[in-house]
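The following pair of complexes shares a single chain, chain A, combined with chain B in the former and chain C in the latter.
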Partner chain A sequence: MVDFLIFIVFIIGVFFIGQHIQKKHCASLEIREQALLYMPTVVGRKVFEDSEVEKAWLVHGAVVVSGDYFKMVYAGLIKFFGGRIRAYESLLDRSRREALLRMKESAAADGAHMVVNVRFETAKIGSMVGNQQGTGMFEMLVYGTAIRMKSQ
Partner chain B sequence: MIVTNIETVPGHTIVEHYGIVQGSTVRAKHVGVDCVAGCQNTFGGELKGYSQLLEESRSEAVSRMMQQAQQMGANAIVNVRFGTSSITQGASELLAYGTAVRVE
Partner chain C sequence: MKFVARQLTGNVNVSPGGEGKPFLKGLFVFCALFFVVYFVLILLVDGLITYVPERVDRALAGVFAQHIKTPSSWEPQRERLEGVLDGLLETYDGPQYDFRVDILENEQMNALAFPGGNIVLTSTLVESLTSENELAMILGHELSHYRQHDHLRALGRMAVFMGLMTVWSAGTNSNPLGSYVVNSISTFDLKYSRRQERLADDYGLTFLITRYQHAGGAVGVFEKLKKDYEAEERIPFVQFFSTHPSMENRIQHLRQLIRENDYQERDQIPLIFELPELPANSDSDPGS
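Right after this comes the complex of A and B.
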């Protein structure tokens, strides 16, 4: 009984800490996305004239994230009945945006005007240390070609 | 060395083609970082130790790919792709591959 109570308190604690981290991250994402809106980032590759290009180089951004313990338990419950697992959807969405932002930031730091041919990649890189049942860690990778135009 | 992930190098023309070059690396972080990541795993969020690890290893893979291209006499790599796979707990392989070419 006592064990069960401790577990419940632990889960609730993890839930609130996880929510807090998520809120903080979303707020910081929005500010940084606004700041980089001027830079076109496209999946297509022919959006410029070759003659206008001064330099092209490879840029990438990556982030490794894991879900919290509450999400894992919640997902386990949902999996029993099937359906959308919103807790993980928001986690993956947030980390992908973060990786994209990192790529744009590194491109902007070198004076790029746009990023073309952007590709997304997701890899599961293992689970919680010493625990195969863990929440799992994901790596989000975003890469593309940064383009700098000749100044007119 | 110019590296892009589109088929051409904008502003240059491809004059010679050398085939596929690749670079890869397998890396693991020491136990301390693993433990910290294990704790962070409880509360979720970014695992900075691992992010940094993969960032370093990816640069390493790209530079190995560039070395290989250089040995062939290429001066650019086009159509670069990345791949990641986990080998064991806390160790992962990063692969970068592309087409080595000479541009003018």
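Right after this comes the complex of A and C.
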């Protein structure tokens, strides 16, 4: 019984720390997304502006994330009964947005006007570290073709 | 085509609502389900335990028997213990087994009831016993466990416990939550175990009275055990996590029973072991 109480106290602590980190990350994402809103990022292959392309190069953004202990236990609980795992939905969504932003920031730093042919990839890396019973880690990779137009 | 920058509002990829509330709800449902399943299974085990065929008990005994064997140096003492056990069996009215006593070399004072009627006493406990009455109290206590089917109940409860753990682990890749909940449930088992031990003490005293017509030795043997378990029992709150009541508790309970029933405590029969005879020429050179 004491084990269970320690576990509950611990998981409540982890939950609040995790929520705080998530909130901070979401706020940071919104500010950075707003700043790069001017840059088109599309999955299409064709450059849709009329100007001529000056330069095209590969850009990518990657992020490695891990769910916290609370998310793992929460997911385990949902897994038993079935249903949507909201804790992982938000984690994956933040990782997609973070990877996309890193790619856009990298493209913007080199003077790109847009990124086309954007693709998302994900790879589980949790199984490569220790046993597979941990919180699980994965990489979110976004890549595309950065385009700089000739000045008009 | 003209690109128009537009900040998205809302997020369709994340389900609405927080994480804490559904977690607490899920945890409550999960705990409730586990508790209900556990207690239903335990009730079934307790109800069906008396119908376990004797051959199952014998088969279980076979599993343990291969690991329990009295060392030859303790054989004379073992025979003496069996003599006392035979006396107690004259008034034993529980399930019939091929009762046997074995001695296990161990530093802790303890006695155990294994399936198939195999009672095991540790060598340290045997060495500490000074009277036949003390030994009868210990053996009576263990016989009571057979009378209550406690050895089978313990195995049944263990099977339920392991079964729930297996179901949880298989469904969730060993998520730690299940083990915490199941371990918490086992706290109720400890309370049950302490109750069974208390009942076994009561029956043990009854055996002693029936056999010797007085209660001498009943409290004495627990006072010896108390000294052996003193360090363990001094740990705060250890009683909540123990399978047995504390020795002090058991002593007080026995004293109360003796007082209430007006049992006498008379002289006890000394427990003398017949030592094996030494070979006639044991002091001579074996090679000569």
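The criterion applied here is as follows: the second predicted complex is superposed on the first by the 143 of 152 C-alpha atoms of A that agree within 3 Å, B and C clash if a C-alpha of one lies under 4 Å from a C-alpha of the other, contacts with A are read in each partner's own complex, and residues count from 1 in each chain.
Heads up, the rule we're going with is that a residue touches a chain if its C-beta (ideal position, glycine included) is under 8 Å from a C-beta of that chain, and two chains touch if they have at least 3 such contacts.
Predicted model, so just to flag it, every value in this text is computed and none were measured.
Partners chain B and chain C, once the complexes are superposed on chain A, both fit on it without clashing. Of the two partner chains placed around the shared chain by superposition, chain C is the only one that A:G76 touches, whereas chain B remains out of contact.
By the touch criterion defined above, A:E89 reaches chain C but does not reach chain B. Comparing chain B with chain C, the partner in contact with more residues of chain A is B. Looking at the shared chain after the overlay, A:V53 reaches chain B, while chain C stays out of its contact range. Applying the stated contact rule after C-alpha superposition, one finds that A:V64 touches chain B and leaves chain C untouched. Within the superposed three-chain model, A:K124 lies in touch with chain B and out of touch with chain C [touch as defined at top].
Of the two partner chains placed around the shared chain by superposition, chain C is the only one that A:Q34 touches, whereas chain B remains out of contact. Looking at the shared chain after the overlay, A:F7 reaches chain C, while chain B stays out of its contact range. Superposition on the common chain places the nearest Cα atoms of chain B and chain C 13 Å from each other. Touching of chain A by both chain B and chain C, each in its own complex, is seen for residues 48, 71. For chain A in complex with chain C, the residues that touch the partner chain are 1-4, 7, 15, 19, 33-34, 37-38, 40, 48-49, 70-81, 84, 86-87, 89-90, 92-93, 96, 114, 132-133. Residues of chain A touching chain B in their complex: 14, 17-18, 21-22, 25, 45, 48, 50-51, 53-54, 56-58, 60, 62-69, 71, 91, 95, 98, 116-117, 119, 121, 123-130, 134-135, 137, 139, 141, 143-145, 147. Across the interface of their complex, chain A is touched by residues 1, 3, 5-7, 11, 13-15, 17, 19-20, 22-23, 26-27, 29-30, 168, 171-178, 180-181, 183-184, 187, 240-241 of chain C. Chain B meets chain A in the complex at residues 2-11, 34-35, 37-38, 40-47, 50-51, 54-55, 58, 62, 80-86, 88-90, 92.
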